[in-house]
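Submitted below is the structure of interest, expressed as structure tokens.
Note that the chains take the letters A, B, C and D in the order they are written out, and that residue 1 is the start of every chain.
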Amino acid sequence: MKLQAIIENQPIDCQLSLSGNEVIFEVDNNRQSINFVRLTPFSYSLIINGKSYYVTITKHFEGYNITIDQNVFFVKIKDENELLLEKFGMSDSVTVSNGEVRAPIPGLVSSIAVVPGQSVQKGEILLVLEAMKMENDIDSPSTGCIKEVFVSQGQSVEKNCLLIQLELNENERG
Amino acid sequence: MKKILIANRGEIAVRIIRTCHEMGIQTVAVYSDVDRQSPHVLMSTEAYPIGSAPSTESYLRIDKLIEAAKVSGAEGLHPGYGFLSENPKFAQAVIDANLIWIGPPVDAMINLGDKIKARQTAKRAHVPVSPGSESEITDEKVAKKIASSIGYPILLKAVGGGGGKGMRIVNKPSELSSSLERAMSEAGASFSDSRIFIEKYLPNPRHIEIQFMADAHGNVAAFTERECSVQRRYQKLIEESPSSFISRSLWKKMAECAIKIVTESGYVGAGTVEYLVDENKNFYFLEMNTRLQVEHPVTEMICGLDIVREQIRVASGKKLSLDEEYIGHRGHAIECRIYAENGFDNFIPSTGTIQELHLPDGFGIRFDHGIRMGQEITPYYDPLLGKLVAWGNSRKDTLNRMKRALKECHIVGIETTIPFCIAVISNRQFQTGNYNTHFIEKSFDELLRFKQDNMGIERELACAVAGIHTTNMKPEPTITNRKTTEASLWKSIGRKEGLS
Amino acid sequence: MKKILIANRGEIAVRIIRTCHEMGIQTVAVYSDVDRQSPHVLMSTEAYPIGSAPSTESYLRIDKLIEAAKVSGAEGLHPGYGFLSENPKFAQAVIDANLIWIGPPVDAMINLGDKIKARQTAKRAHVPVSPGSESEITDEKVAKKIASSIGYPILLKAVGGGGGKGMRIVNKPSELSSSLERAMSEAGASFSDSRIFIEKYLPNPRHIEIQFMADAHGNVAAFTERECSVQRRYQKLIEESPSSFISRSLWKKMAECAIKIVTESGYVGAGTVEYLVDENKNFYFLEMNTRLQVEHPVTEMICGLDIVREQIRVASGKKLSLDEEYIGHRGHAIECRIYAENGFDNFIPSTGTIQELHLPDGFGIRFDHGIRMGQEITPYYDPLLGKLVAWGNSRKDTLNRMKRALKECHIVGIETTIPFCIAVISNRQFQTGNYNTHFIEKSFDELLRFKQDNMGIERELACAVAGIHTTNMKPEPTITNRKTTEASLWKSIGRKEGLS
Amino acid sequence: MKLQAIIENQPIDCQLSLSGNEVIFEVDNNRQSINFVRLTPFSYSLIINGKSYYVTITKHFEGYNITIDQNVFFVKIKDENELLLEKFGMSDSVTVSNGEVRAPIPGLVSSIAVVPGQSVQKGEILLVLEAMKMENDIDSPSTGCIKEVFVSQGQSVEKNCLLIQLELNENERG
């Protein structure tokens, strides 16, 4: 099976053929035979040419956080179908800078520095998010104008919650 | 005492519960709504709810804590660290409720917990103190004046508490106003006390501290120094004892000063005198922690004594079980704080569910933690998951052991400071023992490079695992097959549950 | 050495891997089919399959072990305990393959591992030995003759190994024939050596042993004694050091005898001289263990030394890192062996899957184990899951700490010796320190009563939990509802896996 | 809901009413309010009048092994329907001594001491089962005659595997 792994934003084309607990894994004509077992829903044991690896895997956004020897890798996988769709320009993976300011961490909105209609410079503080007793500045990602503020002071927000919508200057659109 | 309430949560509540149970003392845990399933609740003899998740609604509510103590029939109360542990009003309320306060006398807390009064006490005891404000900063003008008199850079610090909260370094007059505002706000949120004072900023100091124990019978014992210079955001990350920088004669002087402060303040219980030591080995009183410290296990490992047990004994009016004033050590110990934070991404907090947990063990390893598999790590509290402590005969052996243990520790589902701590322990500068409080910022690039250099073959392996996982996990494409999968999943659940 | 193969499994393989990694040495694990997912495989740098589950097809296969060492490029081999660790043929094969044998010289293994030769060696070294047969028992007639000359009861013991395997107590002549047959069969299965010898059975002995280390440069160090009298089926269950029964002067005599045997036999490496001590404090050489022992952590905890590290150093030709001949101790240590056995039901082995695992930790606690959540405990190997070790300043503190830790240890899905160990640690007779090798059989009723007395309110609670569990888990009664349940289960699985 | 719990072979009638994370549990007119949460598939936390209990539960034969404070209880539950069936004599819970000798533990049959047709006394050794390196005698549960031996020397057997069928003497039948 052909797959594309996107590891830390870098695509790697690879080929995988599974049979039982053995998999032939091929990248750039470099073939490796891997003996693997799934230990639990979140961990695998791999043995490759005698070398033993304990690997943990958890879902993270649209991909996985994979930990090997305490190094964490973020990997997304595209299978043959997805690669085909992409070839025909039907991919949905293009991200646009759309002026949304989202919470990078869960926390409590401890103060808001802007009001709708206000112009802001890139890097200017928009609000302060308190998490685990530390105050974290949320800065404006670009120059523009505050279109809407979706949260209020004292509100708890989840990670990725939409905080503020910016109206971007024309040349700031991605 | 037969029953003790622990007014805390997380690893320190678990740590105190352990000692109580070893002493045959029953424990009373308290918990906020989100902590119903936390280890301190599960391990305690008793447990009472005290409110909703925000600590102002639960762990900082003096009334609810006292009520839980009364309902449970607890005789004593241990505050742990953080939360209300350094709050004299809380101590007084505990005493007024006829409970034994496992901490220093209220007077000593007032005179030493308040950072300004502590500096005054230290001066009276003839202990060296760095230049700074003699009283709290009431307005910006006063701040500007003091700052310019002692010279920039200066440090703004909270009067009411430590741990880097409400602390800001100010490099030039123009930064003073906003920094002061932010520091006061943070201090207020953390300690219910927004007062700030100013201290001269020392350029390349090492953070060295002396743990001591004093009983009500006039006995004091000071322990071998702890080195706590590996810090980020003024919060300690790695501590060790003894320090490579401190000779036995310098330790003796610092320990003597600590004992002078104890005598001057009439202190009873466990406490720590923190010093900054400059490159010429001059030491300055920094502050006093009138409570158990996070890093106390480092001292326990090298001196073979349970500090929490001594606290409880002293609070019960007993004498210290130590008969010397200056306590030596055996071997070396080091502690890595395991936070739910990504050390390589500005120590950004990480929340989520602990999906799996494999903890290190073996000779010379101790892991004081407050987590369990399946636990939700919420953003409400301090992100300290646990403290990994290694002991060895030499510093080198201890570092090697720590590195082995860090690699053995798998906390799956959230990011932790484990990879960062491995980078520090593997760092040559750190290994020489020659480092100061700027170590992390100055060596950051080197630490990051170490991490990246170790990501060779593993990149491809990660891709392989993601590929295997996706392929194995994928539900079958057609509806018909999907039904079968559902049925077999139901079966496998049944099997897991022992139904089939 | 840069790479070491560990010819073992379970907790001891994990234990050795840890020390190797701390020393910067890579490890090679070997595994039978059923051990593919075992912790020693997951933790090791490398891992190679060596055959099917029965140990005769894997862990006892000298050819496969040597082959794995060759393929991996290992320079040394550590045998652990059990399996081939005391087999001189294996040691010779390792040496012949140009690998470093991390164990004593082959000659010493032959002269001391063989129990009859060991008794002869002890006699030559002027160490007291109990009455018994001078050579192996070839037939029943000879056995009968020797038995009646030293007087019943007598003990049949395997020449080739220890651990209670192939051991039988014979009270009267009529039992001799069948006991001899059974002992020979067990000995053959366990050690590939069915030879048996006879020893006088001492009525109320304590089992005391001296751990020592010897290097190739003529240095020997003997450690404080270990007391191992808490045994079931002649297998140790709880060990401690120091012993309440042994004075320092008696220890010195026993340690001197151990060193005499070392000198007499030209021994190099770690070893243990086991003694039986009678009520009048006469001690008799019992046997010599020419390998690392299960209970070695007890000694490590009180003397602060990593014995496996010393083994590796000595095997590399280095000197001991100890410079004294008689090694003292600090505090007290105790070990509880956690077996997959029900101690209250005749120590019947328990197999199954470890569904959940919560391990004890904290100051003074060490748990050397080789298990993980999800692991299948099979009937193929020794049922030792791990060894819980507690250290404290006094014996009393240590027992209290051990009890706390035992209660904290949750190994869900199989029965273990934890409840039994709690009963022993809580037993008054045991707490006085006045016990001998018959402790378990003599105190069994008392231990059982302790367990039952602690089952008050919990009986009803167990019913409540079973009721809640049954009610909560029950699939909905009608088909329609069941479909919904299926769908939501699918969803929850998806959520668990991070799919939805 | 009415239930019967059979704990260590002793029946206890109890009543359970669940609402959310609270359950009212009643035995012999003694009512207790229990706050419970299921921590994992195999563990619960209970708080009763402030007392905290950590409880683990795993399936064991037709019931559960429940561990509280390191004490293991074997509990079977019968619900209202089962109790009703039992009332009408339709229970299947009656066990009979039927001459079956089953493996009490998994292991290896290391020797067999009897042959079909042979008479045996109660307590006589039938075979030896080796598990975890120890040899365990399997004795005859009653006096009778060997009808059939289902295993052979060297064979691995699972727990509960039928080893030997005895023909019981008339007065030995349960």
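Methods note: a residue touches a chain if its C-beta (ideal position, glycine included) is under 8 Å from a C-beta of that chain, and two chains touch if they have at least 3 such contacts.
No experiment lies behind these values; they were computed from the predicted model shown.
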| task | Could you quickly compare C-D and B-D and let me know which has more C-beta contacts? | result | C-D
| task | Determine, using the mean of C-alpha atoms as each chain's centre, which chain is farthest from chain C. | result | A
| query | If you average the CA atoms of chain A and of chain B, how many Å lie between those two points? | reply | 30
| So what's the Cα centroid distance for chain B and chain D, whole Å? | 48
| said: Averaging over Cα atoms per chain, report the distance between chain B and chain C in Å. | reply: 38
| note | chain C residues touching 2+ other chains are 43, 356, 372-373, 407, 497, 499
| said: Show the residues in chain A shared as contacts by 2 or more other chains, in ascending order. | reply: 40-41, 54, 58, 64
| Contact set on chain A toward chain C in their complex | 37, 39-41, 45, 47, 50-52, 54, 58-60, 64
| field | Residue numbers on chain C that touch chain B, as the complex places them | value | 14-15, 18-19, 21-24, 43, 297, 300-301, 304-306, 321, 330-331, 356, 358-359, 361-369, 372-373, 393, 397, 400-401, 403-404, 407-408, 473, 486-487, 489-490, 493, 497, 499
| In the complex formed with chain B, which residues of chain A make contact? | 1, 3, 5, 7, 12, 14, 16, 18, 23, 25, 27, 32, 34, 36, 38, 40-44, 46, 48, 53-58, 63-73, 75-77, 79, 104-108, 110-111, 130-135, 159
| request: Using the touch definition up top, name the residues of chain B that touch chain D in the complex. | output: 28-29, 36-37, 41-48, 71-72, 372-374, 496-499
| Which chain C residues qualify as touching chain D in the complex? | 54, 165, 182, 185-186, 189-190, 233, 348-349, 351, 355-356, 378-383, 406-407, 410, 412-413, 415, 418-419, 422, 451, 454-455, 458-472
